[in-house]
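Scrolling down, you'll hit the structures one after another.
Each of the next two complexes has chain A plus one more chain, namely chain B in the first and chain C in the second.
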Partner chain A sequence: MRFVLNKVGLLALTLWAAITLNFLLPRLMPGSPADAALAKLAQNGPVSPATKAAVEAQLGVPTGSMWEQYLSYLGSVARFDFGVSYTFFPQSVAGLVTAALPWTIILVGLVTIIAFIFGTLLGVLAAWKRGTWLDTLPTVGGTFASAFPYFWTALLLVFFLGYVGGWFPTSGAFSRSATPEFSLAFVGDALYHAILPATTILITSLGGWILGMRSTMINTLGEDYVTFAEANGLRPRTVALRYAARNAILPNLTSFGLALGAVVGGSLLVERVFAYPGVGYLLYTAVTNQDYPLMQALFLIITISVLLANFIVDILYGILDPRTRR
Partner chain B sequence: MTSTNTSTALANRGVPAEIDGPANPLRVVWRAIATIWSVPKARIGVVLLGAFIALAVFAPLIAPYSATDNSFGRSEDMSAAHWLGTTAAGQDVLSQIIWGARVSVFVGFAAGIFATLIAVLVGLSWGYIRTVAGDVINFVVNLFLVIPALPLMIVIAAYLQNGGIGMIILVVVITGWASGARVLRSQTQSLRSRDFVTAAVFSGESPGRVVFREILPNMTSLIVTNFFAAATAAILAEAGLEFLGLGDTTIVSWGTMLFWAQNSNALLTGQWIVLFAPGLCISLLATSLSLINFGVDGLSNPRLREGASR
Partner chain C sequence: MSLMSVRDLSVVYASKGAERVYAVKDVSFDLQPGEFVGLVGESGSGKSTLGFALTRLSKPPAMIGGGSILFDGVDIAEMDPKAVRVQRQGGFAMVLQSGMNALNPVRSIRNHFFDIFEAHGHVAKRDREARAQELAGKVELPGSVLDRFPGELSGGMRQRVSIALALSLEPRLMVFDEPTTALDVLVQHAVMDTIRELQKSMGFTAVLISHDLGIVLEVTERVMVMHEGQIVEDASSADILNAPQHEYTRMLLSHYGDPRAEVVEVPGLASRGSLRASVVEPVEPVEPVETIELAPTPAPTHAPARTREGRAAHQAIVVSGVSKLYPRPSRADQPVLAVDDVSFTLEPGASMALVGASGSGKSTIAKMITGIEHPTSGTITFGDLQIDKVKRRGLKSLHREVQMVFQDPYAALNPLHTVEYTLTRPVVNYSGLRGRDARRRVLELLETVGLTPVEQFAARLPHQLSGGQRQRVVIARALASDPQVIIADEPVSMLDVSLRAGLLALLEGLRETWGVSMLYITHDLLSARLVTDQIMVLNKGAVVESGNTASVLQNPQHDYTVRLLDAIPNPGRRTPGGSA
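Up next is the complex of A and B:
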């Protein structure tokens, strides 16, 4: 219980730091992002006082002390009020973000779990069959593939399987004719559109899991209890999976959270290539249009999601390995 | 890991270990390269990296045309005059690839060096001190580790409109130093209680000297690993930012080549080589650095050495 409370406290502190960083970023930058944003917003028609206040609270205005600005910013974050986007005027930033978030969470979440399972299994195999082609192939291939820029893998897949082959859709998350609903046809359509983006992320992120698992597995294979299990005449598969891999998987879990940040970053680039309607594509749109309110809100949401995922993994780790609860 | 000297001596079995006086720096570097060279994977990495550095340095001599010369036919296929064809704007793709190597190699090395420098300064002093300040640094480092790097880079780059290479190096360093600092810190912590450190403290050496003259040399391989990892991340991040159009899109680099390829619809015109070549170069350069790290790993961790049996 103490362990969980500790973690919750740390999460609260980290969340506060991330929210504060989001507050400081536009204020540390040269020029005045708030003025630029308001000027752009004014092109769409008169700016209501409430919108003006929300934009100023997020991006900073010369008036008012830093402390007052900070309090008003915290208030607007708590109310989930990030003002109005001027790229998609007059939609609210909060609404846009809420609509985009599920696409990214489902895509990145599913692929990360698949990559974790496959990568870990391949890593176990590589360590167990060290020195054979079962080791060299995943190790070298994984190293090479994890050096692929995400967007490059995406471009190649789009080109060869999308345009040249014509087997897969080249953009979007569902067909233009389809309307989002919970029907078998729509889910199938969405999955079909997700295959290429998912494959891209899988190819690039798999290598990290293979290499990580391989090196921890090699370390556990040197432990006495593994030798003892072998001496007892247990079947090799039992020794590899039940004795060595089971203990090697734990240290690998800690890198899960850090890897997730990288995968989320990569998925932003992938979404750009596929025009996939998740937070990455929205962030790209916001950045190219200098839509600062939308950009700040997206950065905050992405950061908070990664922090929460890390928190869940931390708690899970504590349950799996009692030693970390101290 | 005990120390770099012992592991190098182990690698050169049969050669008597030199113990007299401080080693000649040139000889140390040469021996380190020899150790890395002895690992086949790392050897491929050294050759690849050498080729890219040569390409970057001798670009004016190797490239058949100027990278910005757009007087050629548009979107041409591969031919004897243009081995990799031309871009949608009428530039020679091969020349752009060769000149583009300069940006990637430079950004990789510059950002790698700065990020490693910060990681060494923070990691070593953080690992050595035992005060409350350590907890504060711990929090800051963990914060930088969990905040997703690419979104942070994108946001900073969006504010610093079209900042060019200097801006890209800056954002890569800001987001890339933390993981190295943490690794170096834990190694410093384990070295802190060794006898040679205690002896140095008792002989009256200042904390700064103990950290950077006594402890630092024992972590050489870890620092080198960190440098190559940081450089790899920098090269990939630079390409990603430029692909999104953040940074100076008028310079010729592999990232901007992909940016223009996507924006000129090279996919639709069938110009696959314009997409394929820059990305392949980025991957190969990044892979070469990772491959070299296999050799550096072997310096410090005999378990990871090739051919070592379980």
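Up next is the complex of A and C:
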């Protein structure tokens, strides 16, 4: 219990630090969006005070002391108020982000977890049956599949299964005719649209999990406690799972944490290829259109998701490894 | 009828593309019910391979290459793995060498027991807790140990848990593979006592595999001596001790001695009374001397100081009132006082032993003298250099004069570098020699430590060297800066008995011919007696006894020194459990 409280405290502290950095960094940079806009205008001739005031009012120029700015910034973060997007004017940034976030978390997050579980199990099997076809097939297959860059796999799938075959939709998260709602029909439609992007992520990430688990598992199989468990006549399944795999998975949890943390920020290419309305796609739009409020909110969300992923992995470690609890 | 009958057993290591290597060759023997048999040999003799074969734990590339192992009349060499697994309950059990790692770090001790009960179903569900408690009691552990995880237990406790787990199978044959090797001397002794008592009270047949003939002769009734995959002698312990037949057995025995004796000698080294001398020939019997209290203590034999060109004159290391306090490991614990007000002077050319069980602070003192750690209070000086305050720049001049030889020759050399590269680095750093001169110096160093032909050894990589050869390279590396002081931290404890004397003689020779002074850190009082003049006995960071090595060991004043002395395996001293 104390361990969890410790970790929660640590999470709160790092969250605060991340939010504060997000506040400080733009202010440490010289200039502001308003300055940039004014400089552009100034190339065409003198800028009248009225224009200047209008631009500053539109883009927002900080007023008050740093401390006051900081407090009001903390307030808006707490209210989830990140202003208005430039690109999708007049939609609020918060609205855009909350609309995109579930798609990414469900698609990429779920697939990452499935890939981790499935890949780890295959890795355990490969190491336990080392040298047999159960080892060779997933190892070679996984290496082969993960050797493709994933946008390339994505393009292949779109081209053959979507465009040529016509079995799967090539873009979007749901049909144009459908409206987002909690009905069987809509969920089915969303799942149907998710198959290609999900398969892409699965194919490209599975190999890494298989290989990682296989090699740590082979190491633990050489440990004395595995030999001793065999000497005590434990069932092979017990030895493989409770003794070898249970320890072999520990180092892989760290990579799992990194992968989970990258769910929100790292899905850009897949979402781009499939025109999937997730955070990655939104970030891409924000960056290409220099949409500062949107970018800032997305960066904050990405940071927070990395911290949360690390927190989850820390707690998992606490559950799985008694040595970290002390 | 014998419980186990082994006939013409061979174990081969068959890796793909490599030649088949016979680790065990045509071994035959019988084990009678209730017998306690020792299996002794040096590293590479095949004793552990044989132990694994007897309990059907051989893993590829090792495999049984021929012969039979009749256990209770059934050949288990040919038995199907599933049948072997079932057979383990009430059959044969094994306690592994490094008890440290024999337990699953993420499972509680209770679950370890329950896993075994579940696998064999020989203990009813409602009796399991009671049975686990009972087994813990048998190995002298409290029942509360069941709630703990392996990481929370000391090495000795973990090895006791392993023994209890093996016992939970109710085996008729127990194979102990170096059960106490990784443990601290005093703990080692206690665990061995437990094993012996259990064997007597429960009556199982036991095989004790060990590199240490001393331990084996102390506890077993019969000893099999193994050498190069074969059993070269198989006789009662008394016969092995008093009338060894095979020359290999005699060689092993010759390396034992009682550090309390008036004359202590092993091949190549001898120490008599308070004087020591390196000898090539065994020393002749010494004339009887009056009791040690009356004998005047001669001044330590200091080697003549050799002058080093362009370098400071010989200086003593003066340690005065040094303490080291480590911050508490976690909030619940107390800070650790690793070294408690220790003072001594290591004179130029002198050799001093620092002895104690693990945790006595002896390695911490070595770290402070080499400037790796700074003392919490007190001062350490070397000439005008204040070691306790030394910073980066001072460290280099310190390490030119004070060098360290480490315990584990397998970990002390970078496996990717040749011997020549390993030695060239310090030569270039400290002597400023370059190119051909540096190479000449490297070869000279190899010659000094007896690794000839030098050209061949220079080109080798660490894995192509034996443990003893590696340790010689480590010593050569320490000598590269032509130091005045060598700190040797358990330099021979990882090596085979027959190699130890050679290395000790090398260190001793260096001291005499090069005038290097030596701080010899060890838990092994016999070797301390052989190569040092002065001794300091440390317990929990404090010096409990110090003085002339021979007088302290022959006439120990402190209880702790006596306990250390008693813990030394001594083939000549049979305990009441033995049959001699």
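The working rule: the second predicted complex is superposed on the first by the 246 of 326 C-alpha atoms of A that agree within 3 Å, B and C clash if a C-alpha of one lies under 4 Å from a C-alpha of the other, contacts with A are read in each partner's own complex, and residues count from 1 in each chain.
The definition used in the following text is that a contact is a pair of C-beta atoms (placed from the backbone, for glycine too) under 8 Å apart; a residue touches a chain by one contact, two chains touch by 3 or more.
Note that the structure is predicted; figures quoted are calculated from it, not measured.
Chemist: For A:R79, decide between first (touching chain B), second (touching chain C), both and neither.
Modeler: Once the two structures are laid over each other on A, A:R79 reaches no partner at all.
Chemist: Is A:P30 touching the first partner chain B, the second partner chain C, both, or neither of them?
Modeler: first
Chemist: Could you look at A:L269 and tell me whether it touches chain B, chain C, both or neither (first, second, both, neither)?
Modeler: So A:L269 only meets chain B here.
Chemist: With both structures placed on chain A, which of the two partners, chain B or chain C, ends up touching more residues of chain A?
Modeler: It is B that touches the greater number of chain A residues.
Chemist: Identify the partner contact of A:A229: answer first if only chain B is touched, second if only chain C is, both if each is, neither if none is.
Modeler: second
Chemist: Could you say whether A:Q296 touches chain B, chain C, both of them, or neither, answering first, second, both or neither?
Modeler: In the superposed model, A:Q296 contacts chain B only, not chain C.
Chemist: Which partner does A:P322 contact after superposing on A: first (chain B), second (chain C), both, neither?
Modeler: After superposition on chain A, A:P322 lies in contact with chain C alone.
Chemist: Which positions of chain A sit in both the chain B and the chain C interface?
Modeler: Looking at chain A, the two contact sets are disjoint.
Chemist: Which residues of chain A touch chain B once you look at their complex with the stated criterion?
Modeler: Going by the criterion above, the answer is residues 13-14, 17-18, 21, 25-26, 29-31, 33, 130-131, 140, 143-144, 146-152, 155-156, 158-160, 163, 170, 215, 218-219, 221-222, 257-258, 261-262, 264-266, 268-269, 272-273, 283-284, 287-288, 290, 292, 295-296, 298-299, 302-303, 306-307, 310.
Chemist: Touching residues of chain C toward chain A in the complex: what are they?
Modeler: Touching chain A from chain C are residues 55, 57, 59, 85-89, 93-94, 96-98, 100-108, 115-116, 118-120, 149, 151, 162, 165-166, 168-169, 330.
Chemist: Note which residues of chain B are touching chain A in the complex, please.
Modeler: Within the complex, chain B touches chain A at residues 41, 139, 142-143, 145-152, 154-156, 158-160, 179, 232, 236, 239-240, 243-246, 258, 261-262, 267-268, 272, 275-276, 278-279, 282-284, 286-287, 290-291, 303-304, 307, 309-310.
Chemist: Which of the residues in chain A end up touching chain C in this complex?
Modeler: Against chain C, chain A makes touches at 223-225, 227-236, 238, 242-243, 246-247, 250, 320-323, 326.
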